[in-house]
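Worksheet for the structure shown next.
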Amino acid sequence: MTHASTPKIAVRGLGKHFITRERAFHALDAIDLDVRPNEFLALVGASGCGKSTLLRIIGGLETLTEGEIRIDGQPIHGPGKDRVMVFQDYSLYPWLTVIENIRFCRQLDAHVRDASTADAASAVDRSYALLALMGLEKVKNSYPNALSGGMRQRVAIARALMSRPEVLLMDEPFGALDAQTREVMHDLILHVFELEKTTIVFVTHDVDEAIYLADRVVVLAPNPGHVDSIYDIDLPPPLERNQDLKLAPDFLAQKKTILDRIRQTTGVQRDLEMLERMTRHLRNTAQTNQGD
Amino acid sequence: MTHASTPKIAVRGLGKHFITRERAFHALDAIDLDVRPNEFLALVGASGCGKSTLLRIIGGLETLTEGEIRIDGQPIHGPGKDRVMVFQDYSLYPWLTVIENIRFCRQLDAHVRDASTADAASAVDRSYALLALMGLEKVKNSYPNALSGGMRQRVAIARALMSRPEVLLMDEPFGALDAQTREVMHDLILHVFELEKTTIVFVTHDVDEAIYLADRVVVLAPNPGHVDSIYDIDLPPPLERNQDLKLAPDFLAQKKTILDRIRQTTGVQRDLEMLERMTRHLRNTAQTNQGD
Amino acid sequence: EITLGISDWPGWVAWYIAQEKGYFKKYDAHVKLVWFPNYIDSVNALSAGQLDANSQALIDTLAPLEKGLPLKTILVTDNSAGNDALMVSNSIKTFADLKGKTIGLEQYSIENYLADTALHRHGMTQKDVKIVNMSTGDAAAALISGRIDGAGVWNPWINRITNSHKGHPLFTSKDAPGLIPDLVVAREAAIKAHRKDFEGMVKAWFAVVRFVHAHPEAAAKIMAPHVGLQPKEYALSLAGTRLFGAKLNREAMKPGHSPVSLYNSTPDTAKFLIKAGAISKMPEPAMFIDPSLVEHASK
Amino acid sequence: MSAIRETSLTPTPAALATAPSAGKATRPVAKGDGLWAVRGDLPRWQYVSIALFSFLLMLGSWWGLSDSGWVPQLFLPSPPQVVHRLAQWYGQGNLINDTQISIFRVTAGFVLSAAMAIPLGLYIGSFRPVQAFFEPMVEFARYLPAVAFVPLVLLWVGIGEGAKISIIWIGTFFQMVLMISENVRHVPAAQIEAAQTMGANRGEIVSRVIFRSALPDIVDTLRVTLGWAWTYLVVAEMVAANSGLGYAILQAQRFLQTGKIFGGILLIGTIGLIMDQLFRLLHRRAFPWLHRA
Amino acid sequence: MSAIRETSLTPTPAALATAPSAGKATRPVAKGDGLWAVRGDLPRWQYVSIALFSFLLMLGSWWGLSDSGWVPQLFLPSPPQVVHRLAQWYGQGNLINDTQISIFRVTAGFVLSAAMAIPLGLYIGSFRPVQAFFEPMVEFARYLPAVAFVPLVLLWVGIGEGAKISIIWIGTFFQMVLMISENVRHVPAAQIEAAQTMGANRGEIVSRVIFRSALPDIVDTLRVTLGWAWTYLVVAEMVAANSGLGYAILQAQRFLQTGKIFGGILLIGTIGLIMDQLFRLLHRRAFPWLHRA
């Protein structure tokens, strides 16, 4: 339906100032960014550089101060069911079972208005399909609190997918999971991406994760948040990737480039150097103390 | 003082059963483990395999059901100031400033009993030295809540070091930090380790982290928790390591070995394979739905 | 139907006799008795128009009247005759001993008035003692437990204190006839609207008085359970209450020299209240005394 | 007050590591000191034995003191006397009736409060303008002494059951509103935002997310305020009552029947405890996910 | 009840991502709906204007209603009448004295409660055997109606200031103990464990960690219970009082001086609010780390 050259999400000259009682803060400055239809875009950058803010503005959860955002060429006003967001934690409804959580959107007026019986039936089908896809069949009737962190995020993703959103916004969805569970989730999300053909914007701190998953990686730099650089990732098609890829030289080269870039934008490099200088000075102090 | 061949920490036939109202759970079984004096030992393993439980038992925060633990040949009874623990989060005292947190142990009877004025003076010196080492001089009088996560963990480590503990027990201390801050903390902790010559037992999920930091990496396997395998790590001396090392072939080979081992102990491998089978099945379902 | 508020005073608990003996029915009076555990609430309920009539003492009627509320006294139920007393601990024998001692009583109440009168008659004022404000029950408890030296109370507390041997009466309402008239006060509008019921009610009262005089023990038996007391104990309370039949009522409701006349009690009571600052001027007795129902009933 | 939060009752890694919530807080910490460990664990039977022992100690010292003759019986009736008084009360046929009417009054006033406080608290907690409008007023009203309202209620509401119910209402409503709006404010923002991105409108967010999410805490608030409602019973039955436990206590006060006062007080306490337990049971039944599925 | 927790008032990444606490919960969520957004943000001046408007609306409708003649003045005195009554009260020289003595009584009862409840709550929250011993008893006691104790207090304590203070104590102590022990139980286990591994002994853990950590919540509990203490003032001054705001209200009840009753109630509410604000100020001063350093 959308013309191939129209970006799915177009961010134009976006600026954001937070004004709180204590201070005014310039969080984002002149962000220009296109997300192509059916693209997997990762946002990385130092803590506090505005990744979440940008994602929340796209999601309509936060207002913007300057510029505009268009989805399929249409400017956005507030949240909409075409752009569903997946959070790091606590967003599941603990009073609903897994299957009820997944079907939550079917309780909402926006989804059932003008819906036919056929729609309702296909929604039931879809909820079962998602259960199966996410490997949640066995815990279908459990409450979220009885699940492990990984399982919970599967439910959150299934819930987000339920309404066939055109854009999926994910803010460090695997940030709270352990490394092993993360790996499984990576492959899972790639499967989902392949099957559902949605557009994904994915915020993460983990450069490995960003490269492994995304078509393009955007590095944001802080003070105020702006786009520092964009990297095209050239990996095999999603379903052919596997964990060993993360140890391949190409992958590692790209990882080093991006990591260096992030370190440079943050001053982590400076931290690391300063540390060395300090140690020299402190070794003396320590020796003095041990002499007591 | 300790004979070179006496292990600093000796875990012998350690078993742990949790008995709660709902169930009895066999968490650890027949753990035998020696930690050498001045060794940096990392514990890795799948979530729930008992890493934290083992660490807490060594720290005296949890009782053991079978076996025993000796420090320098002496069996332990409960927590002791020779073994200080650093937690992932929330363990700083928000009502104390950074410097007060670091000096907290000086308020405790166990530390000031039989202490001379000279001790007190050297303690003050030490607290300033630690402030400098951790790069906390500027925030000396801030409250922890005003600091970033990385800064807070620096304070926590400084506080733990203040009493010159012989053993430092760290339970995923950097688990809540972002990747970039983590890197800085890695180098920082290596510096500390080198300077302070303590023995460190370090629990983590991040194999990169484990290899980069530790002299030996212990893989725990679950159901019930037991030692699966132990890897000697052969990296340059702590102060000569740098982040690029993580991309070196040797490092990556070791990482792959350990990761595969962990995956095998958890059944993550099985998960990944199952996922592939499911996708095939689901592609059909999805196509049917799209046909509507 | 008219509502009549009653509370814990022997002269008013007697209304239950009318109910149980069927006098209301007999005289065709539709009366609903509304019990108030806290007497002063019943006074307020009448002022607020929540009741058609209420059983209350003269002293508590003057303040609402002074506010201009359209209330009429239609019946005198009784005069206290020994049922209110200033009780003192055993060590106190005369009023002179009372100087500087602590007396517990409810401020501006009948007991306060009685104590004030008693002190005056013995050449003292309230300033010569230490008055502590507390509810009557509390005052009795405080006297028995030795917390205070004197208490203004009524029965059954008088008996309770006497029986506990912790105190004795120094001055009772028997020593001051007419000092404490208890009334039925009604709203003018209610009287107009339900005159027949009021007439029947007054007749029922006279029947009650006759019954009590004829069968004091049976009367106590009917009344005692309503206040959670034993009939024997209650008979004593009843004895200290001079119930007013038709004759005494007529005497009380017209000016004259009779000590029971409201025309004489009112100025005395008002004087006390004015002194205490509770009211600023005396309501005219003629304005609030309505003898017509009594006249009608005693025919 | 609420010991129960909707998060992390199951110790998943993330929750165990970071959430400072009840689930974590009640975990045993150190066992070195046995029974007297800080936050030590106590087997259920030990807990119950100690509680029972404390109860017996209370009863014993009461009994001993009242029988010793050291304290007059008027001051402190002995347990058998209290039981005797209660039996007598029951014998006269009023006890059951008094209890019933009091339960009715407390329940009615409490239900009325809750029916008004839940929607109001929900809106105060969800919308800042509503908060601005109501909260300062309610904050002020929570200081109002219920006893002072006795004559006013008599004026405004009359002498019927409505008056008693109104007093209970005055005693509980304002506190309830404040506590419920606080419960509502504790609903995690992520739950609300998730609904927003799924296209929920304002009404749906309030009814399907905020209300549902806060409900366990609200029920807990109700449990606590029901306790307060009972403490206002005696005040409520000052208003033209001729039955009820509070009335009986007031009546007994007049004649200093300390035995009956004690009996009445103990009865109110017992009924309050039973209702409390019923609420806890309701909580377990209605919110299974909080009590391990 | 407590809006303030010691965690994550500063939105660091970790806290923002996981902690469902006050700091997070009050962040604005969506702005699309302007003023009426769920959890929307309201500039301070708008908040104050709405609050002021609500106050004026209240006052206005009260004034209008009482002046309309539609409701008798006895039922609802008009604002000027209330002010006049207060002036008169002041003129007679009692108002200041009544206020002082009432503040003294409430404060004394409250301080006594706090002095006993803080250590007890600390131990109940820290040690399970202490909890087993005291908690069931306190849970029972919280239902006890303070009014019912008026004559008992007279017997036990007498007619002096002690009696009034006792009533306030009965009204607040048990609730306070329960709430403080709850506060104590919310101290993060990691803080206690950290102290243990640093070699702290039991006493040090209680005094240097648990108490200090729970202190902000405890102060908040005290603020809330101070409000309850004020609601018990009138009951307290039923016991042999010759002065005080509650006494004055009771006297006014006797003569149905609704103007004075209103005045007294409003005065109590106002003093309560002022004390509440003082406590909030104390909170900000004493715990700067909770209010952004």
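First chain written, first letter: the chains are A, B, C, D and E, and each begins at residue 1.
Definition applied: a contact is a pair of C-beta atoms (placed from the backbone, for glycine too) under 8 Å apart; a residue touches a chain by one contact, two chains touch by 3 or more.
No experiment lies behind these values; they were computed from the predicted model shown.
**Q** Which number of steps is the smallest that gets you from chain C over to chain D via touching chains?
**A** Minimum step count, chain C to chain D: 1.
**Q** Taking each chain's centre as the mean of its Cα atoms, which chain lies farthest from chain B?
**A** The chain farthest from chain B, judged by C-alpha centres, is C.
**Q** Tell me the chain pair with the top count of C-beta pairs in contact.
**A** Comparing chain pairs, contacts are most numerous for D-E.
**Q** For chain A versus chain E, what separation do you get between their C-alpha means, in angstrom?
**A** Centre separation, chain A to chain E: 45 Å.
**Q** Rounded to the nearest whole Å, what is the centre-to-centre distance of chain C and chain E, using the mean of the C-alpha atoms as each centre?
**A** Using C-alpha averages as centres, the distance is 42 Å.
**Q** Quick one: report the Å distance separating chain D from chain E, using the average Cα coordinate of each chain.
**A** Measuring from centre to centre gives 17 Å for this pair.
**Q** Give the residues of chain A that touch two or more other chains, as numbers and ranges in rising order.
**A** Residues 47-48, 60-61, 79, 89-90, 148-149, 176, 178 of chain A each touch two or more of the other chains.
**Q** Residues of chain C that contact two or more other chains, please.
**A** 44, 48, 137, 141, 145
**Q** For chain E, what residues touch not just one other chain but two or more?
**A** 7, 13-14, 18, 20, 29-30, 33, 74-75, 150-151, 155, 188, 190, 193, 196, 238, 253, 256, 292
**Q** What residues of chain D sit close enough to touch chain E in their complex?
**A** Of all residues in chain D, those touching chain E are 1, 3, 5, 7, 14, 18-20, 22, 24-27, 29-30, 33, 35-42, 46-48, 50-51, 53-55, 58, 74-75, 126-129, 131-137, 139-152, 155-156, 171, 179, 182, 185-190, 192-193, 196, 202, 205-206, 210, 227, 230-235, 238, 246, 249, 253, 256, 258, 261, 264-265, 268-273, 276.
**Q** Would you tell me which residues of chain B are touching chain E in their complex?
**A** Per the stated touch rule, the residues are 59-61, 78-81, 83-85, 87, 89-95, 104-105, 107-111, 142-149, 152, 156, 159-160, 163, 169, 176-178.
**Q** Write out the stretch or stretches of chain A touching chain B in their complex.
**A** 46-48, 118, 122, 125-126, 129, 132-133, 135, 148-149, 178-181, 183-184, 187-188, 191, 194-196, 205-207, 239, 242-244, 247, 252, 255-256, 259, 262-263, 266, 268, 271-272, 274-275, 278-279, 281-283, 285-286, 289, 292
**Q** Going by the contact rule set out above, which residues of chain D touch chain C in the complex?
**A** Touching chain C: residues 72, 74-75, 92, 150-151, 154-155, 158-159, 237-242, 247-248, 250-257, 260 of chain D.
**Q** List the residues on chain E that touch chain B in their complex, please.
**A** 6-10, 12-14, 188, 190-191, 193-201, 204, 208-209, 212-213, 215-216, 287-290, 292-293
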